[in-house]
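Just below is one structure, and these are the notes that go with it.
Per-chain numbering from 1; labels A, B, C and D assigned in written order.
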Amino acid sequence: MSDIVLSAHELSKHFVGRQSLLAKVRGQDPFTVPAVDGVDLDIKAGETIGLVGESGCGKSTLGRTLVGLYPQTSGELSIFDRQIGKERSLEERRAVQMIFQDPFASLNPRMTVGNMLKEILLFHKLATKEDVEDKSKELLTLVGLPTSALKSHPRQFSGGQRQRIGIARALALQPKILIADEAVSALDVSVQASIVNLLLDLKRDLGLTMLFISHNIAVVRQISDRIAVMYLGRIVETGPTEEVFANPQHPYTKLLLNSVPKMTPGSKLGEAPSGELPKMQAKFVGCRFRGRCPVAVDACATTDPKLLPVKGSNNPDHMTACLLVQ
Amino acid sequence: MNFLSYAGKRLLQVIPALFGISVAVFTLVHLIPGDPADVLLGQTATPARTKILHHTLGIDRPILVQYFSFLNHLFHGSLGTSFYDRLSVTSLIAGRLQASAFLLVGGILLSILISLPLAVLAASKEGAVRDQAVRVIPIIGLGMPQVWIGIELILLLGLKVKLFPVSGFGETFLEHVRSVFLPSLSIAIGLSPILIRSLRASMLDILDADFVLTARSKGLSRARVTISHVLRNAIIASVTVLGVNIAYLIGSTVIVERVFAIPGTGSLMIDAIGRRDYPIVQGVTLFFAVAVVVVNLITDLIHAALDPRVSLG
Amino acid sequence: MKAKNFSFYFGIGLLSFIVLVAAFAPWLTHYDPIGQDLLHTLASPNSHHWLGTDNLGRDVLTRIIYGARIDLSIGVLAVLFPFILGTTLGLISGWRGGWFDAILMRIVDTTIAFPFYVLAIALVFVVGAGPKSIIIAISLVGWVAYCRIIRAAVLVAKELDYVHAAKLSGLPTGRILRRHILPNVISQAIVFSMSDIVLSILAIVSLGYLGLGVPIPTAEWGSMIQEGQAYILQQWWIPTIPGIMVVIVGFSLSLIGDGLVKRLNK
Amino acid sequence: MTSPLLSVRDLHVEIETNRGLLKAIRGISMDVNAGESIGIVGESGSGKSITLKAILGLLPPNARVTKGEIFVEGRSLNGMSDKERRAILAEKIGIVFQDAIAALNPVLTVGTQISEIPHRRLGWSKAKSHERAIELMTLVGIPEAEKRLKVYPHQLSGGLRQRVAIAIALSGNPKIIFCDEPTTALDVTIQAQVLRLLEDLRAKENTGIVFVTHDLAVVNEICEKVNVMYAGRFVERGTVEQTFQDPTHPYAYSLLKSAPDMEHPVERLFSIQGEAPDLTKPTIGCPFAPRCFAASEECLATEPELRHVHESETACHHATNFLSQLNAGQA
């Protein structure tokens, strides 16, 4: 069994705009938004991949397509080399779980924490009536919560504690891979740190494989082994974290990294990037970053660059989708 | 130009609703137990005469054919003829329109006059005594039957104090207004609890909005902030709230016309019910439904005209 | 907050008082609600008749009490069926969407286009007067409100992450609807049902006034107002008191409704 | 030394909530001069954005300033009529909120809103005000300003809306702009543009900035001085270099160590246990004591006042340079 837990090949998810009856009758093709437009991604067991990008780049849509909330429009998805279709078996569902961003909307307010965990454990026959209580307590301890939490409702917990409950729920199904969609973005700095530490512990103790989606680049660097940078539905650069941070190759990655305010004392604002955040168009000709790219050349207008290893880089994993660097 | 295209688009969307209404009204009348001929002929009914009457009334044809002839008549503006006085329903309704129109306009104006100031007063300081006081009105007011409000107004303002006429519609414009005042007031009192509650909520949203803070931070006087920032948003909110409650308002005119004996379309319907005059019941019900759809369309268009966020594309 | 709880319990107390009085009517008043006493017609309130007698000599207080039975029972019954039908349809159309939702929304749009009273009157006219047909008429119109409230709430709820999580854990749709969606949306329908009972009573009263309600001589607040209108000058209390009773019932139900909003959305 | 442009003395604010009376601000004092850039950093519930609103008198109906005095160029605002007070404050201070779509009136065009102060308050003619609006829009970097006068807020992107909000704040040519988390809702590259804009304004127009945020990195790059706020009070004040390099208050120190640094990932982030205190209940002793690694008996008894420790001011009985001690292996 190969060590690639989850792999996507040429994966796309296009949202079709609502079309008035009239437009349908006239046969106009509806306005489609290619939120995810041909993404290749392989996640190895025990690895944490950080997926970064600005709003509208499609990182959350990619996450929700991988987990199965959105059916993919085209391309293949496979877990341990077994391809999964649009309808997933229970087994396949259990394999990929998600932690959500908003601590207040990710837990059913009407259910106690205990009932929530019991419901899924019993449904998937991961526990029997007798030992479901103990199993639930184990999960709570695993995420650093008191076992007394079983009897309380979500409203009695702080933001950080609710995220821990969300993690416990995801882990209850013993998933092969966990997808964290902006899991710490709604938390204060101090609470954020405790959740990041928890995820790092789980990775160490359980060998957890994770896709960590976030717009917060400092947090992503803290937690990821590998980084993937997304822009307008495509991965434009990917590679080991230290490698990408040390010498970013794709112009957008460079722009992104030096736009981030730094903590080191004395560091002052760099040159301000120009241009607006572009809107998603139905079709792109040539490289999608051309409009804002400071080093664009004529060729960029015609060829749509693929994700290829960086020229002359000693690490084959370090890939980028830019003509000038392949 | 694109406001007109927006209006055109909205008009197109109204057609399915009108079609649905015509089907509903048609089936409604055809569900009536018993045979209209029995009612019309009464004791003199004989199989032969009933058969002839069925034929003249056209109710011996298959249901679908009847429906299309009903639609056909509709397109030519005829809602059939009354069983009793052989007059066309359309002309009967037209005769009563003026009274209903006065009542409706009076009801809307008084509702706004009562509800808007109270809602703004309550929303100006949430939780204050005046807010609590205004919020008691809907709690008590929701339980007031329209009929009862009418009768109490007759007692208090009509008979005891003789300020306003308690029935009829009068001849001249001035008499119309005076005689429509009490019924409009009773509609307004009936509707205000609902309006106050939703208007207050919309006012609170506006007054809590950050742009009011921005306006105040500009050092503008309270009056200026209200006029150029709060007012326009408040009007948009009021139009929306009114639009939603239009059907309830038009419905209450039926009752009020009966209580104050006003010769409006509502009382036309009630009399027709007494005499089991189906075509009139069918015609007036259809008229009311169309009226609601039209008024809703108007409030939609006003809202679109006032609120730039409504895309006119 | 003390005040908030007080008004909630005051509402419940008031309503239960009225319900108890209506239930134990025969023990509370020995008069027959429709028994005529033509010797003492239109008597003003006195020791025998605390609220006097009406134009047929019937004891007004007794008719008010028996009237409560009719109006409250019809009011509640007329809300039950729409609550269940509206919630179910709203749940399905909110969750499934597609053609089911499109058709249902067309039906809802058509029903809403009719002013409530006009449609109720037409329906009672079709189905014939009497309590049973009033309940049918109100129910045929009333379910629409519940359907819209629940559908709107489901459309919001199904995008929340705890529903996504339930889907991801492979729970069947039925269970997700039953344990994750319904408990969170039903509260809005329950709160609305409080004011809906009042609306139903108002409809009964109005239908009674138009002669389409509960047939005379049964004691019912609407027909009492209608009959009492003629005597408004001298015996003003005959049409006024039944109206006040409806206001009191409305008042208590509104208090309960507001109290429920606090409790259910806590 | 001329008196500071704006100085706030011992500001107290209380808010009525359904959980009781919340003491949101328990004594804040600060001075702001033209051209200065001061950061107010704190986590949610620390009271940082209420401070700005309290100074400008923009508190919601259920909140009140219960104590404290505000001076503008040495003149006290206490005892002034509400109208007078608003006029003086509006002349000197502009404000930018976090969510520009909510802070701009949805039914008025961008041009009208920017030209409102010149036209309504400064009494300029309509034409002159529109002129000024275009000037301001260009100043804040809105391309084709002329064409965008007639546009409505919902038709603009997040970045452009925030620039309009800044243009409005500048329209009364204030000496200082209060910024309440202005870039939190923006993407990183757009945030960089807006921060650069604020920096240029300070350099060119000498417009001071009071910047409220929870993002320590932003304060590090744009502010000269910083006030770290906790439970309604400043717990540490000083220059950014000093405070970031060598924090002297345990909370400031912990906050700096729990924020992930883009350039120096660490093995494990420092996380502060427990939660911020509930300010509807009276606080005894130092509010941070229950979560503080350096807490002692004394901390539970009396709440420390701000005092000078090295170059910064700190409200802590055991204030010391934790970082340097740590490096020297003592803490």
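Quick note on the criterion: a residue touches a chain if its C-beta (ideal position, glycine included) is under 8 Å from a C-beta of that chain, and two chains touch if they have at least 3 such contacts.
Predicted model, so just to flag it, every value in this text is computed and none were measured.
The minimum number of touch steps linking subunit C to subunit D comes to 2.
Contact count check for A-D and A-C (C-beta pairs in contact): higher for A-D.
Inter-chain centre distance (subunit B to subunit D, centres taken as mean C-alpha positions): 52 Å.
Measuring from the averaged C-alpha position of subunit A to that of subunit D gives a distance of 32 Å. For subunit A, no residue reaches two or more other chains under the stated contact definition. Taken residue by residue, subunit B touches two or more other chains at no position, since every residue touches fewer. If each chain is drawn as a node and touching chains are joined, the picture is one closed loop, every chain linked to exactly two others. Applying the touch definition to every pair of chains gives A-C, A-D, B-C, B-D.
Of all residues in subunit D, those touching subunit A in their complex are 43-44, 157-160, 187-193, 195-197, 199, 214-218, 220-222, 240-241, 244-245, 254-256, 258-266, 268-272, 275. Interface residues of subunit C, counted against subunit A in their complex, comprise 160-162, 164-171, 175, 179-180, 183-184, 266. In the complex of the two chains, the subunit C residues touching subunit B come out as 106-107, 109-119, 121-123, 125-128, 195, 198, 201-202, 205-206, 209-212, 222, 225-226, 229, 232-233, 236, 239-240, 242-243, 246-251, 253-255, 258.
On subunit A, the positions that touch subunit D within their shared complex are 54-55, 158, 188-194, 196-197, 200, 215-219, 221-222, 241, 255-257, 259-270, 272-274, 276-277. Subunit B meets subunit C in the complex at residues 16-17, 20-21, 23-24, 28-29, 31-33, 138-140, 142-149, 151-152, 154-155, 159, 247-248, 250-252, 254-255, 258-259, 269-270, 273-274, 276, 281, 284-285, 288-289, 292-293, 296.
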